[in-house]
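There are two complexes below, and they share chain A, which is joined by chain B in the first and by chain C in the second.
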Partner chain A sequence: MAAGGEQSGKKARILVVDDDENMRKLLSVVLTSKGHEIFLASGPIEGIEAAARKKPDLIVLDLFMEPISGMDVLVQLRQVESSAKTPVLMLTAANTINTVNQAFDLGVTDYITKPINLDRLQKKIAELLVRGPQ
Partner chain B sequence: MIRPKDDIPEEVLALIPDFLNNVRQDVESLKGAAARDDYVTLAMIAHRLKGDGASFFLDELSELGKRLGIAVKAKDAEGIRASIMAVSECVKEE
Partner chain C sequence: MRVRFKYLFGKPKPQGEPIPVIVDPILHDIVDGYLEDALDQADALEEACKQKDFDAVGKLAFTMSGQGGSFGFDQISVWGDELVKAAKEAKTDVIDDIVPKYKDYLTRVQVSYDLKKRTERPPEES
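Then we have the complex of A and B:
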């Protein structure tokens, strides 16, 4: 995989799955500015399809989406060989122990709570890219 | 009109006009949802305003989203109306 983004000078391929257009734009601009190649999916179904098609190095996945949640997307991603070990960073407004524990049980790699702190987001992404497939 | 915080990154600052246009559309959706007592749509948009406002360094808008969410949860029609008006004023074009 292309590790490290800005750190290594190489581009990582990152898929952003979020049904909020504002967040997609924000994440796209911020992560592109760090040298990453960004793919955008505007909903959960599109996200599952894009993950299979693009085989990204990392997936940024929103929790609250319709018609299926980010948790459901995560389950499906983990059942497919091409995304079974891809690092997944979940975006969630629900910073509760239950939500976080459930996400880890289902195979999420890490999570970050909204509103997004851009510095923290970039740090987490850099860490996950260095760590590589789980 | 609302101003972002001073420490906003340049690349985010460039996104603010489009973001505010989207919020103006949200205001129309909020008015329609309030007229229909559609609390699901009201809560969804309030939640998004709260999160997106803060992520775009617009704390005032985030606070209004939070207030709207509280009014929606309480099914407080006057609070909902006042919060929608406040959001509308906040993102009004100069």
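Then we have the complex of A and C:
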């Protein structure tokens, strides 16, 4: 576990789950630049499988995906022991109280809205890695 | 490897002055690919509007909104949000107004990479 990733200089293992290819590339470039090891999943089912296989230190999860949403993925991640406490940062365009509250009720660790402010993203990732498993 | 026959002879010619946008240098290697995809999306938006396929317009606009500002092109996200709303309300006049502006923007946008001069940033969350 690479808790404290950026501060300690250790790299973290981060899984990005997003069905948008351009967003996966962007997240990969930004997070790789900080020395993290990135795993990319191009959809929700691939994301659930990758989480079980790779056991990442942190998961960046898009909300709006098909055939199941990021919320559904979150529920499944929390039911599996290996990812039950893994920090999950949700990407959402819907910055509404209802959506955010529902995500927190389901066990999300934090969220960030699209379009993504890259500085804010890096700061949130660093904070979550310092905090470690929830 | 993706082959873009549509732009085999170059991208559409810009009509008017370049629009300068300063992008985070960290995105240098992926911005050109994003802008090419954005041109494809603009064509798809145009076609969806012609077909009055508002569901498709909404989905494309949603993607446009999420990607634009993330890559440093805040204006694209603004138009994306407006198009999402217009698609929900089936307002073809709004869509017909924005899509040509979006295509024009994509042909005129001139990217430079200088973190110190970066001015276009997505809005901070509250």
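Throughout what follows, the second predicted complex is superposed on the first by the 134 of 134 C-alpha atoms of A that agree within 3 Å, B and C clash if a C-alpha of one lies under 4 Å from a C-alpha of the other, contacts with A are read in each partner's own complex, and residues count from 1 in each chain.
Methods note: contacts are C-beta pairs under 8 Å (C-beta built on N, C-alpha and C of every residue); 3 or more make two chains touch, one makes a residue touch a chain.
As the structure is a computational prediction, the values presented were derived from the model and not from experiment.
With the C-alpha superposition on chain A as described, chain C and chain B clash in the combined arrangement. When both complexes are overlaid on chain A, the residue A:Met23 reaches chain B and chain C alike. In the superposition on chain A, A:Asn101 contacts neither chain B nor chain C. Counting the residues of chain A that each partner touches, chain B and chain C differ, and the larger count belongs to C. By the touch criterion defined above, A:Arg120 reaches chain C but does not reach chain B.
Once chain A of one complex is fitted onto chain A of the other, the partner contacts of A:Ile112 are limited to chain C, with no touch recorded for chain B. Comparing which residues of chain A touch chain B with which touch chain C, the overlap comprises 20-23, 25-26, 29-30, 33, 64, 93, 114-116, 118.
Listed in rising order, the residues of chain C touching chain A in the complex are 24, 26-27, 29-30, 33-34, 37, 62-63, 65-71, 74, 77, 121-125. Those residues of chain B that touch chain A in the complex are listed here as 9, 11-12, 14-15, 18-19, 22, 47-48, 50-56, 62.
Touching chain C in their complex are the following residues of chain A: 20-23, 25-26, 29-30, 33, 64, 93, 95, 112-118, 120.
Contact residues of chain A toward chain B in the complex are 20-23, 25-26, 29-30, 33, 64, 93, 114-116, 118.
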